[in-house]
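Attaching a single structure in structure tokens format; questions to follow.
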Amino acid sequence: MALGRDELRRLLKGGPLHELLGLELTEAEPGGVRLWAPYRDDLLADERRSYVHGGVLALLADVAGDFAFATLLGATVPTVDMRVDYLRGGRPGHDLIATATVVRRGRRLGVADAVVADDTDRELVVARCLYSLG
Amino acid sequence: MALGRDELRRLLKGGPLHELLGLELTEAEPGGVRLWAPYRDDLLADERRSYVHGGVLALLADVAGDFAFATLLGATVPTVDMRVDYLRGGRPGHDLIATATVVRRGRRLGVADAVVADDTDRELVVARCLYSLG
Amino acid sequence: MALGRDELRRLLKGGPLHELLGLELTEAEPGGVRLWAPYRDDLLADERRSYVHGGVLALLADVAGDFAFATLLGATVPTVDMRVDYLRGGRPGHDLIATATVVRRGRRLGVADAVVADDTDRELVVARCLYSLG
Amino acid sequence: MALGRDELRRLLKGGPLHELLGLELTEAEPGGVRLWAPYRDDLLADERRSYVHGGVLALLADVAGDFAFATLLGATVPTVDMRVDYLRGGRPGHDLIATATVVRRGRRLGVADAVVADDTDRELVVARCLYSLG
């Protein structure tokens, strides 16, 4: 059962951590989504406050991949494993945009590719995620 | 330059996101650390509040791997890539413990293995992380 | 120093295992290549001879990624790590085609994406590979 | 249904590529195996014949992980995905030893860790592999 944009938004907002991070669904079509995370100082990783925590970028990639499947399946699905490649550091002051696309939808398992960029289109992370489709 | 436990603690606490999550360094020896993250409801992933967000588990694994290298190098190091395998979901109400060990320390690159468990020793995540040693 | 197609072919053929497998370079442009591996019965994995060994598919992905960098750097480069996702089994009797593209070329590290398909364009494997650029 | 060592050996030898590479099962216990691959010049990667092809090392890791599950399940199982970390190059003239252990056996999916070393105990590759347990 496919979900419309409003239902996906409600699903995203229902997650306490998504709410804490202020995640917004900005685009959705069958098999792909785009999410937006507003910049906040407490996403920074280090004492010198010089870059965004890599864990936040990985989290955004995973959530985007999950919601790419939710557009097709009507629900989010458990992540089985994930590979994240960090291409560049995220700079303070910039919002983050995560885009994901379904690469393969098998009977039980599915693969999605995600990219996390900042609001100047600098790609920060690429990720490949495997989900259990139930 | 190796770091003692107090210096590692200060380094960990210096990261705004670590402070937000309340991370504590509970053990450290050359090439290995253990971190502790207190349970909070806003780490949950879903509307039904049934499990901890996988992104948090991945983040803890990455931070633990990073600090395993910090015990040897005197500073945290950039993550190049990471593979995370989700073994079980994290249940509400349980603190999280991340343990990491250096697997290989090359001249420029290093590999660490991390395990994230809950406070009943249920293993939730295993991760293998590659760091740039500079 | 970029390499032309003839030099890349010589480089590929110089590898004893490439020669054993009969690999051919069929396309090359800066940052991307396509390789071809002829089907042979002894690439099969199992007693019932029902599918091509996954290790062969992973190997082709890695070689293609490596040669995608060779088009830019003039030499092959060491693989640091690789993630391989097996999408479908390779059927007996079909030649294999591996295509790779450079995703990121950093100063010291580079990422390439590879796809291995059979000669009917069925995608069998996607891989993401990290190389040390020296 | 668990398999004894003789049945595992027959299963391994039944694979045409395993036979081509001369793989031998040297140890097996429930949840773990060790394989041995004799050195051959045509496993080398490069014109200068200076190191063993990384694809061979990845293949050995995958086969070992697969047979670690075969000790428990009575049959080999499809690889879903794999992460390979190359720690050191394999030197000419040395046999290869691949050891794998089951890390997690779920209902449908299982994770194995594998190490490939040479005959002087130099670790060349660590790999983490996900299998579909059917």
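Which chain is which? They are A, B, C and D, in the order written, and residues in each are numbered from 1.
We adopt the following convention: a contact is a pair of C-beta atoms (placed from the backbone, for glycine too) under 8 Å apart; a residue touches a chain by one contact, two chains touch by 3 or more.
These numbers come from a predicted model, not from an experiment.
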item	value
Which of C-D and B-D has more C-beta contact pairs	C-D
Chain separated most widely from chain A, comparing mean CA positions	D
Geometric centre distance via CA averages, chain D-chain C, whole Å	20
Where chain A and chain D are represented by their mean Cα positions, the distance between them in whole Å	34
Whole-Å separation of chain centres (CA-atom averages), chain B against chain D	29
Contacts with two or more other chains, residues of chain C listed in rising order	80-81, 83, 85, 130
Residue ranges of chain C in contact with chain B within the complex	80-81, 83, 108-109, 130, 132
Chain C-facing residues of chain A, complex	83, 85, 87, 103-104, 106, 111, 123, 126, 128, 130
Chain D to chain C touching residues, read off their complex	11, 14-20, 41-47, 49, 53-56, 58-60, 62-63, 76, 78-86, 89
